[in-house]
Amino acid sequence: MHQVEIATTRESLLDAPEMTLNMGPQHPSTHGVLRVILKLDGETVMDLDCDIGYLHRGMEKIAENRMYTMIAPYWDRLDYIAAVSNGLVWVETVEQMMGLDVPPRAHYLRTILTELNRIASHLLWLGTHALDIGAITILLWAFREREEILKIFERQFGARLTCHAWRVGGMPNDAYDEFESDVRQFINNFPKRIDEYETVLSENRIWLSRTVGIGVISGEDAIALGLSGPALRGSGVAWDIRKSRPYAAYGEMDFEIPLGENGDTYDRYLVRMEELRQSRRIIQQAIDNLPDGPVNAKVPKLIKPPVGDYYHSIEGPKGEIGCYLVSDGTQQPWRVRVRPPCFINLQSLRKLCIGHLVADVVAIIGTLDIVLGEIDR
Amino acid sequence: MLFALLAAPTLIDTLLLKFFSEQTVNYVIWPFIQIGLVTVITTGWVAYATYLERKISAFMQARLGPMRVGPWGLLQPIADGIKLLTKEDFIPENADRWIFFVAPYIAVVAAFVVMAVVPFGPDWAVITDVNIGVLFVLAVSSVGVLALILAGWSSNSKYALMGALRSSAQMVSYEVSMGMAIIGALMFARTLSLSGVVEAQASDSIWFFFYQPVGFVIFVISGIAENNRAPFDLPEAESELVAGFHTEYSGFRWSLFFMAEYAAMVVVTAVATTLYLGGWYFPFVYKLEVAGYHNLYVAVSVIVFLTKCGLLLYLYFWLRWTLPRFRYDQLMDLGWKWMLPAALINIVVTAIGVVVIQGLHNPTGMRTIKSLAGGLGLTLTGKAIAIAFGFGNLFITAGVLSLINWRSRDFNLKKQRHKIRLVDLPKGKPAVAPIAAASE
Amino acid sequence: MPIVPVPKPTFADKLKRFFMVDLLKGMRITLAYNIGALTDKDAVAGKGIYTEQYPKVRPDVAPRFHGAPRLNMDPETHDTLCIACNLCALACPEDCIDVIPMDVEVVVAGKARRKKVLDEFIFDTSRCMFCALCQEACPTYCLELTQDFELATYSRAGFVWNREMLEQGRETVKYTS
């Protein structure tokens, strides 16, 4: 197995005492309640430790005492920024365990709304990442686009953020009346906006100085650490669950995967910006080819998957989000385990940050795109 | 109404002369009135600079900014001031009390005192015209660095100390290049007095910006770094050190630091306007003086000056809300390896330019110099040569800086941007649960 | 810090670097936004101002919005539509609903029968997730989540709503200025 080399603390030449700095749970740029303890030599990070658990709510335990349909609203609160994907992984796990056939219209609508959700999550990532590095205006512009998406979610699902979007077997309601025109209006405006963000950031020398060569991880190390999502693709590894094990309507969509070269922050940034464009392409295809029909499969009155276990994962905006479900044949699951992409991506923080300056730690936390709701559950 | 206002100075003068001797009136009372006016204008300008920053940044971000307090939010600075005055005043436990008290006051004083020598207008619109005005400005604004260090040290907090040390190192580095950049303009002005500089530009009907484009750019960039404003605001970047040297300050003391920062911005814009953008001089305003409306001439000149300051202030806001911030080592790199050599090259090239102009001056043949009375007055030929040297300097500086920094990392921006590749992976098979398949 | 290979800059790149072309391009967009904020009316596709000045301007809430709960009544008879079936309480993941039935004597086809009707309905909005499972469970479309989102109160007890509050709705102060 590939051994990951992590730089250990070295003896500083002048034997000066190293300073321990606590980027505490309340900090403007540790996206959520993350506590990072840094051991610094001047400004260089010698060692790093993460302290998590401030947002632990016992979701997996709660799930053991709820029925399958009731668990879905809790799952939105995992990665609360991209709640629709979380709901999708839960619902798909249960559907696949029970062998239900979801109608194609539901698959297409799921694809459209999940891709909108991916765009919303990437926009928030872009805004906060740029904010941490200093370009504050991008946050406000990204939130304006995100607001449009959240309006679509509100009109479709009834809630903006924690949507409770899907039900086992399909969707609770069909697309609302102006769904198509709203989505088309959004995807018509969107390329211009991406170009605006890219003009301000992608060729900006300050941005490049802050992100090129920062937080480099090679492809083999990334696979060894279990990274997934844009963090993995930024290092050049071609792996996307939408392609390798298609779910919803991705099997019929035509899109490409952006791959980075060096595995630094700038590559991950470029990968996510390109994913915004590819998501838009997917939505365009899906809304052009939206089939008619019902949006709900025939689901038994009581949802009781057969006895056994099953793991299903989808490509969430932050990486591979998975659900391992152990069912004992009753109406409540025996054990549910979430494979949280942000938690696993966060494990690489130590390797990425050692050797860099304090100012880079903030950039690296931003590039990993972490959401504490998912890390702590 | 306007004429009444403009006749006011003469009326007040006659009134005062009835009660006091002429010497007292000219050397004590008028200066106090001027100081009062300048303080009011500066404080008002600083307060409304905060309002303008919020509004302009809001417009750049597609939002509205302050709108609730007063029409269009115009009373927002007053509301902020009242709020800060009524906040709890607390001092951290092991802080050094007296230094903690004194540090904000030093910062504010250092920023405001400089306004005493800045020429707002021609005749009575400058409080005092010190012979060594430029030196005075540089010296007094350096005192502001002291305030930073004292604040960081006395707060007894790791974050504050780190922020203060970084801030002060940054400010000192950029002061060097600021001072060096000024020398180029002074070669044309031939005096250190700020009013003299403006008069040199006025009498020659040109702004020194045309002679010294590189100097202007270096001065502005160094000024922005001097003020700890973006893109050089790492020491007070919220995302890292919470607030740098003023982390532990709250309420009125914090508002003093805030005012000191904006006052320092006003100072840098004022000095930049004076040295490079012609100060209160604007091409056709002199006709008012010729026509006899002296006070109106002064008033319009003050408005011209404030407008130019306003434009440079807009540049400050524009840069802050567009550009990301530099990391500390990149910042220091910029100050010592780019700004300072550029400033030195500027001095050398300008000096060569002036020598060439003086050398080519032949009272019977080509005449380049008009007069050497107030500043270097040049004829049209002389001006052309000076402008050519000024803009040629751009390319010389570009070349020499690239040579000096040949090892620094430079980017091929277009290629860097497009280096990700798009691949189309072969589609796999959708997931099927083995249980469901088995139970069918 | 590992050194990452970057493509070599060309001469044009060096000139562009000196004249700060990349920074100026970004600044041009910000300037366009600044001017657009004053002149452009289109906020969604253009550069206009996107702010909605709540509470002066009431927001456009979607019809499906999961807001405050309400017990609907029959429009003609003003009787409650609730049949005390308890399905909403069973569907709720958070156990916020308490349906208290009572037995009532009713004459049906000449015979006296006992019918279960609703006595009291307790809904704890402080525990509610607004997931709308209760709304979906209700067979008579009685329990509905409305578009009211201003649910703040001054006391914890104020979050627990009884039948009367659910039927008549709460009088909220609408801020208009």
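Here the chain labels run A, B and C in written order, and each chain numbers its own residues starting at 1.
Throughout what follows, a residue touches a chain if its C-beta (ideal position, glycine included) is under 8 Å from a C-beta of that chain, and two chains touch if they have at least 3 such contacts.
Since we're looking at a predicted model, the values are computed, not measured.
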Graph class of chain-chain contacts, one of line, ring, star, complete, other: complete
Which of B-C and A-B has more C-beta pairs touching across its chains: A-B
Centre-most chain, if every chain is reduced to its averaged C-alpha atoms: A
Chain centre separation (chain A, chain C; CA means) in Å: 24
Distance from chain C to chain B - Cα centre to Cα centre, in angstrom: 47
Separation of mean Cα positions, chain B and chain A [Å, integer]: 43
Chain A: positions in contact with at least two other chains: 137, 144, 200-201, 203-206, 212
Where chain C touches two or more other chains, by residue: 6, 17, 22-23, 26, 29-30, 33, 43, 50
Touching two or more other chains - residues of chain B: 60-63, 321-323, 409, 411, 413-414, 416, 419
Residue ranges of chain A touching chain C (in the complex, touch as defined): 66, 69-74, 137, 144, 147-148, 151, 154-159, 162, 164, 172-173, 176, 185, 188-189, 192, 196, 199-201, 203-206, 212-213, 216, 262, 264, 355-356
Residue ranges of chain A in contact with chain B within the complex: 19, 21, 27-29, 43, 96-99, 130-137, 140-141, 144, 198, 200-210, 212, 238, 240, 243-247, 251, 256-261, 266-267, 270-271, 274, 305-308, 310, 312, 357-360, 362
Residues of chain B that touch chain A when the two form their complex: 57, 60-63, 158, 230-231, 233-234, 237-240, 242, 321-330, 409, 411, 413-414, 416-417, 419-437, 439-440
Residue numbers on chain C that touch chain A, as the complex places them: 1-6, 17, 22-23, 25-26, 29-30, 33, 43-45, 50, 61-66, 91-93, 129-133, 136, 145
Chain C residues within the chain B interface of the complex: 6-10, 13-19, 22-23, 26-27, 29-31, 33-34, 36-38, 43, 47-51, 53
